[in-house]
Amino acid sequence: MSFWIGQVWRGRMSMLRSKQDYLDSLKRMRPNVHKFGKRIEDVTTDPNTRRTVESHSKPFELADTEGYSDIFTTISYLTGERIMRFNSLMETGEDLIANSRLKRTMYHLTGTCTGGLCVGWNAMNVMWGVTYDMDREKGTDYHGRLESWIIGAEKRGLVVSGALTDAKGDRSRKPSQQKNRDTNLHIRERREDGLIISGCKAMICGVAASDEIFLLPGSDYGEEDKDFALACAVPRDAEGLTVVETRRPSDTRELENGFDTPVETGITQAHLLFDEVFVPTERIFMAGEHQYAGRVIDYFTANYRSCIGACVAGQGDVMIGAAAMMARTNGLPSSTFRDKLVQMEVNNETTYGLGIGAIAMGKRHTAGTWYADPLLAHTNKVHVATLPYETKRLCQEIGGGMVETGCFPSYEDLKSPEYGEKLLDMIQANPGISSETRARAARLSEWLTIGAGVPGCMHGGGSPDGAKLIIRTNTPIEEYVGYARRLAGIKEEVPEVERKKA
Amino acid sequence: MSFWIGQVWRGRMSMLRSKQDYLDSLKRMRPNVHKFGKRIEDVTTDPNTRRTVESHSKPFELADTEGYSDIFTTISYLTGERIMRFNSLMETGEDLIANSRLKRTMYHLTGTCTGGLCVGWNAMNVMWGVTYDMDREKGTDYHGRLESWIIGAEKRGLVVSGALTDAKGDRSRKPSQQKNRDTNLHIRERREDGLIISGCKAMICGVAASDEIFLLPGSDYGEEDKDFALACAVPRDAEGLTVVETRRPSDTRELENGFDTPVETGITQAHLLFDEVFVPTERIFMAGEHQYAGRVIDYFTANYRSCIGACVAGQGDVMIGAAAMMARTNGLPSSTFRDKLVQMEVNNETTYGLGIGAIAMGKRHTAGTWYADPLLAHTNKVHVATLPYETKRLCQEIGGGMVETGCFPSYEDLKSPEYGEKLLDMIQANPGISSETRARAARLSEWLTIGAGVPGCMHGGGSPDGAKLIIRTNTPIEEYVGYARRLAGIKEEVPEVERKKA
Amino acid sequence: MSFWIGQVWRGRMSMLRSKQDYLDSLKRMRPNVHKFGKRIEDVTTDPNTRRTVESHSKPFELADTEGYSDIFTTISYLTGERIMRFNSLMETGEDLIANSRLKRTMYHLTGTCTGGLCVGWNAMNVMWGVTYDMDREKGTDYHGRLESWIIGAEKRGLVVSGALTDAKGDRSRKPSQQKNRDTNLHIRERREDGLIISGCKAMICGVAASDEIFLLPGSDYGEEDKDFALACAVPRDAEGLTVVETRRPSDTRELENGFDTPVETGITQAHLLFDEVFVPTERIFMAGEHQYAGRVIDYFTANYRSCIGACVAGQGDVMIGAAAMMARTNGLPSSTFRDKLVQMEVNNETTYGLGIGAIAMGKRHTAGTWYADPLLAHTNKVHVATLPYETKRLCQEIGGGMVETGCFPSYEDLKSPEYGEKLLDMIQANPGISSETRARAARLSEWLTIGAGVPGCMHGGGSPDGAKLIIRTNTPIEEYVGYARRLAGIKEEVPEVERKKA
Amino acid sequence: MSFWIGQVWRGRMSMLRSKQDYLDSLKRMRPNVHKFGKRIEDVTTDPNTRRTVESHSKPFELADTEGYSDIFTTISYLTGERIMRFNSLMETGEDLIANSRLKRTMYHLTGTCTGGLCVGWNAMNVMWGVTYDMDREKGTDYHGRLESWIIGAEKRGLVVSGALTDAKGDRSRKPSQQKNRDTNLHIRERREDGLIISGCKAMICGVAASDEIFLLPGSDYGEEDKDFALACAVPRDAEGLTVVETRRPSDTRELENGFDTPVETGITQAHLLFDEVFVPTERIFMAGEHQYAGRVIDYFTANYRSCIGACVAGQGDVMIGAAAMMARTNGLPSSTFRDKLVQMEVNNETTYGLGIGAIAMGKRHTAGTWYADPLLAHTNKVHVATLPYETKRLCQEIGGGMVETGCFPSYEDLKSPEYGEKLLDMIQANPGISSETRARAARLSEWLTIGAGVPGCMHGGGSPDGAKLIIRTNTPIEEYVGYARRLAGIKEEVPEVERKKA
């Protein structure tokens, strides 16, 4: 029996949202997603977005499959009903560990990031605590609204992406000082029945595959920037919202035939342009309480940086598999590279396990949600920003030059009537494995390490330098000096030396 | 409220063993500890051993002090009495996290390793599960004996070192094939009332400060080596046992006056020579059940390698303090080195937090004890074997050349009537800090990084290469290849390639 | 005055090949280069190849420009005429250092690899020594032929790519044992006037921009594989040769308009399919002397791995510039990241300077050419295979999330009549720098670190594991044991222990 | 034939100073060296200093031995006579490479640092250029004096330690502002026939084994500190000079019998207390020309940091030998650890080869001396400050727990009549290797990695942070931004962003 107690549900499976229902919902939405200057009419079939939709649909597909149902579903603390796990409140360390497990599993299934299953989930849990605090301290009524919204999300099995990062504009000025206020999302108008919001959120994952978007403030704010202290949930196709998907390495391969992009899953990141979008009152969870914006960031990063270790671990697992497979298609035993494979596994388990350590040392907010230990969570972020680079390097080292550079004959060349046959002959290296398999294996490793599958783990959820700043703040230097001083038998104080003026 | 629920005890504090009682017990023992070819008459006063005794006495000294009582004491699962924590069974993840916390605290208080508070504790918890299994599967009655012994240890507050590593002899031969069987501890004779044991355990920590020694098998054994599959507890001064303390870097400074060894705490490692030592039946917990020796190693290393992250973290904390203090005595703000201090903290939190992750992912044995997740525990060992070296390097880099090489005028020179005064003047670098403080600070950093305080974390509890072997065994390569294969749309199998014969 | 003595030429500059002549020659060639299943009619204008041609044309363009003429031209040892440096014999350490300098400069100018200026050059210098040896020991007449070819290449200023790596086929079998002999380039027929050769060389750099290709054996060979011991030079458009350019990350962006590929330079790697290509006698420099194939590899890798440190240093310099520029377009002082920039520079200078150390410790072959020290050269390879990954990571860390993932709005989106203007507003971060500049800067960093500009430095010229094997062979373990033994006052021998049979 | 042309001398060997003459000279000196508060009467026999004297005597012992004569002797540029190499001017890159080779060889022979053969040598070469500049620019006559002194040193084969580092005092004040001016060496009085100097140089290597000490300014100085801009050579036993040797890890073992310090060589570092020492005019090479003090530091560090890579490489070679030997005495094939041994060799060759790269890219001063390239030299320093720590870690990892902690039974215990025999039996691990050999091997690895043999390479000759500062200054950021900008097709300038006021 594990520390993590699987809440296996044993009935009423039919209540969960089906994959078909999920796809149908996306199809029905107003087409407001764009790429390459064109509007995407149906995100579920357009080659620019269908892979990320396919990725996000996996939990619906596997919700009732043994080995996966514990991972993708759980019992609601609010209703006692079985729900998709990514809609659940996380009230214990075990719940948060289950979050990590879900993320690692999603990478196993998709090879990359499914932000719509993760950021909105985290956002709503963060706001569970913060709305509780605001209500208690400020007399607001956000918590109840949020509860209603969550119960709705649970019932409908919503895929909810989350958006913190603003376009920001001039980094040397505060949001309210920007020439163009729209560089940061803000309250433009307060109405009886809700808010009018405008501005831009940037680099948001999984929007094309989401039903809704959970918006959070992007930073700590002062009084003068209180209009930017905004948290709410909006439908992805809200009137006034234009979504522009960014382009990524090798993304146009997804529009081609053949196996140069061998995967059927994918990731997207988008810029969200809000132009006077109306948000009704029941969907608003912070509207000007700037003193709480910093707390949102603190809780968000603590939980996010604990669990992101599972993301890079999951992709690292796939890289182990891809590297071993590549070695074999190259005609070499994968065991030739066992030390490198062990190092990759060490990297994977480090970010996974340290994240779990951060969770285990976390604490429960009075409102019921669990928040991970910030010092350990931010330490994990430092590793998340470095170890995956080593893992990728090892994947490329094992795979060989074609993986390192992504240089390999194209699908079109391998199918050329003139020389395709000959080329296929030339690229076979293991007589028991077909040339196509080798090509697919090479392209997978490329996709994982230098292609469209590389997720944004270093900067996603904030930079490692930001994490180090928090680590510094949390290191009790004077306490440690005290230990050293007592051990050395030093009686006098050894205070900090004043810095000389330059 | 933390994940770890402090079991604060609120009464009957007087029941705990006092420091004085501990010291008196050690004094009363048969003098069988030696160093430099001489017998040590009283380990509590002899300069070769008094520092490690002082170290081990800290928990008795602080058991009733607020901030420490939760760390050093707990409630017995067996009796409901308040006991020293290092005598307790660990039945939950929280108990094992408390073990980590105790270790980190002990390093804060002593700067180095106190093996007598840790290895015997771990050994007895390991045997709690293994004796349970043996009894159930083999019809033996070890578990009850162990329970009685533990209840006794709890009542008396015993300091128990633990011994696994045998002298081993010729590494290319099994224990039973050795020219000299004594290179491995073994059952020499089975008697009605107990066993006669002989042989040698090597490099055992904290023996001089211990009341008893918990002996475990040093390896997995086959049928032919069943006499080596032996677990029992013996008094440190058992008849027939000769303890020879090894010498360590700069150890004779401990015999000098002055502050060239500035600390009053310390560490020892000993070779134990057993020459027909009698062990009565009630102290025997394994006697020939070789099939279980491997399980002992598995459980032992899983828990040990989880918690040892706290040891190196604790020493790393002291190194942060020592480095900051050194910078200041050098006349520089310690904040000059903030990036290096943050890196040290990252290292500390990594091994601490990853160990806690291993604990959190552990599981409870049917007998009640908690065993950490082996994959994460062994991953932690890899970091424990590397990160502290970087931490030491950074401590030396911040401290300067005198720390790096340990080169600094000796106490005797600083006190020289001829030139001592002048020398003291010359070594002062911060006008507000005395020369003696700078000397003590330099010596502390030396002691921590290149002196007698360096603990055996890389090889203690087994080598990192051994850990990597276990990581390799626990990496599901074929499962990972499966993920990769499915993602790449590869239909055919990609089996391992056979290695060519050399 | 530097160690490297610039051989500045002061006259007759008009003799050198012009860029126009170079382009015209390429245009005149038989169109035998293909990509995406199509034949490229004119490599100088086709978007798939024009960037690499542009890259390779830089030395012609700058040959007479101060600050570059010393780098790109030199005086022929054979004729005393001024020639392009990449056609020269390298007879001194200074010549080889000039090779390194040329490579670093080429990266500054093109951002990536120009294999046609480097591999053929190295190949011909390697063969200068090996043909000398063969002639002297075997009575062949290769050396004179090579001299004639080189004089011709010097006069014409030829761009010569070099090809070692064969397609190889089944790695567990020798070339002659392959089911399809064409997996390795070989002599198919020996004729009076030359050879007929067939087979496949894989992953060859810069072919599309080359006048000729210098072919070398891909490995050491035994007697049975003597037909594979083959060195010769062929025109790039030789009858029977089909060139298939491989596809690389984000390569189709080069076919688009706009600035999503912001650079006008580029790299290619190709598979070369030889189908009964005739090579006249005067172009043949090895034809069956398999005993010398290993020597070719030894000399080639020694020089190549010394100088490749300059390649990754040069790209690293550009990454420093790209990172600093990105920081500024992000609105931050680049000095914020000075520690990271210093680390990048440390990496650059390490591979550059260690390569130069290998050159300085090299030796002159009796034939006159300089070969670098293999131990230092292979040590450099180990760093070349690792440090650039750290440099890229730092470039991405400084640049931010858009660099890390390459996620940024596309050119088409930034130009959208509907929302382009708004998007451009949103991506401006430094009020003094235009949005387009920020977009170009982001795309450059992407191109360098996760796009089409990433060169094949880890596996190019052989794997780092191969380098480590040579380092192992060149480490005099017994000599070092001798030092240790004498220092420790050990009188007896300490011979290697025999490995136990598994 | 190597790049480095050995200047093998073939005659008049008897002219060189003999080892006996060297020892006799040391014996004849005024006893002004102290340790542990006592004066050392004869440095050649006192156990505190005899090992370093033994180390420094090696070149005299081996000057005429084949394989060593090229390393330890050369032909004087000044007189054409054969001289000890460490007294020679270095006028070519080859001369400086020979310096590196000498250092690596000295580590092979002694296992540690012989500062008296290296720092004074470097100092005199630095002053060769600086005195030339001063004379030319200031009309002084230092250069001729130095030439005379060097010719004398060459003739007598002097061992000359070098001293830069001052005791410094309060780091926040300049030398002239110190409460106690003696914290920095300075001119106290200018007399007709010379100078009276006072003050303290700290942490100076090899003084006890030196004939003379070459004193250099410890820093760049302004006009107000011109009395500190001082360069001269003094006999080690000058009147008024008190030498206090610092204590090092495990140094008192050198006073014991047995093999707990198994080596007969050693290192020392001393504090030098100058109390009104008279220096005659002909020995003075700078006396107040503060504008040149910075140049001294620049030249000194460039050459020193190039060659110090050879020191750590040489000790690393010995660690490879020690680790391989330890593995064998542990009963394991050293080839078990081949990957670790290769990594150690990679580290050794990196600092050695990069230093040689710095030399090869150096330049000749008008005065004739060769100064290494500062950017590469300081880059090397960064590696010298880090890689040896990894090498030591690997040495400890291979050697096992007894090496890691230095814990092993003492000589006295192994010789105990009571249990010594038994203990010797227990520590034998390879039946073909004696217990004493294993003990000696373990103690050697301890001595190298955590004992008295650890040299001061990180801070010796300045800190790595200082090196990074110089790397930063030498990185042409704007030039690199220019490359990036042009490649990205950016037309506008991208200037540095001004830092916001805090």
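Things to note:
Letters A, B, C and D mark the chains as written, and numbering starts fresh at 1 in each.
To be clear about the criterion, contacts are C-beta pairs under 8 Å (C-beta built on N, C-alpha and C of every residue); 3 or more make two chains touch, one makes a residue touch a chain.
None of the values given here were measured: they were computed from a predicted structure.
Between subunit C and subunit D, two chains of identical sequence, the interface residue sets overlap for the most part, with shared numbers making up over half of the total. Annotation: A-B is the more contact-rich of the chain pairs A-B and A-D, by number of C-beta pairs in contact.
Between subunit A and subunit B the centroid-to-centroid distance comes to 39 Å (mean Cα coordinates, whole Å). Look at where the CA atoms of subunit A average out and do the same for subunit D: the two points lie 52 Å apart. Residue positions of subunit D touching 2 or more other chains: 172, 331-332, 339, 430, 497. Residue ranges on subunit C touching subunit A, taken from their complex, read 34-38, 165, 167-172, 179-180, 182-183, 200, 202-203, 242, 244, 246-253, 260, 269, 271, 273, 330-332, 385-386, 389-390, 392-393, 396-397, 400-402, 404-410, 412-413, 415-416, 418-420, 422-423, 425-431, 446, 450-451, 454-460, 463-465. Subunit C meets subunit B in the complex at residues 172, 339, 497, 500. On subunit C, the positions that touch subunit D within their shared complex are 1-4, 93, 97, 108-111, 259, 262-265, 317-318, 320-322, 324-325, 327-329, 331-336, 338-339, 341-342, 345-346, 349-350, 352-364, 373, 375-376, 379-380, 382-383, 430, 432-434, 437, 440-441, 443-444, 468, 471-472, 475, 477, 479-485, 487-490, 492, 494-499.
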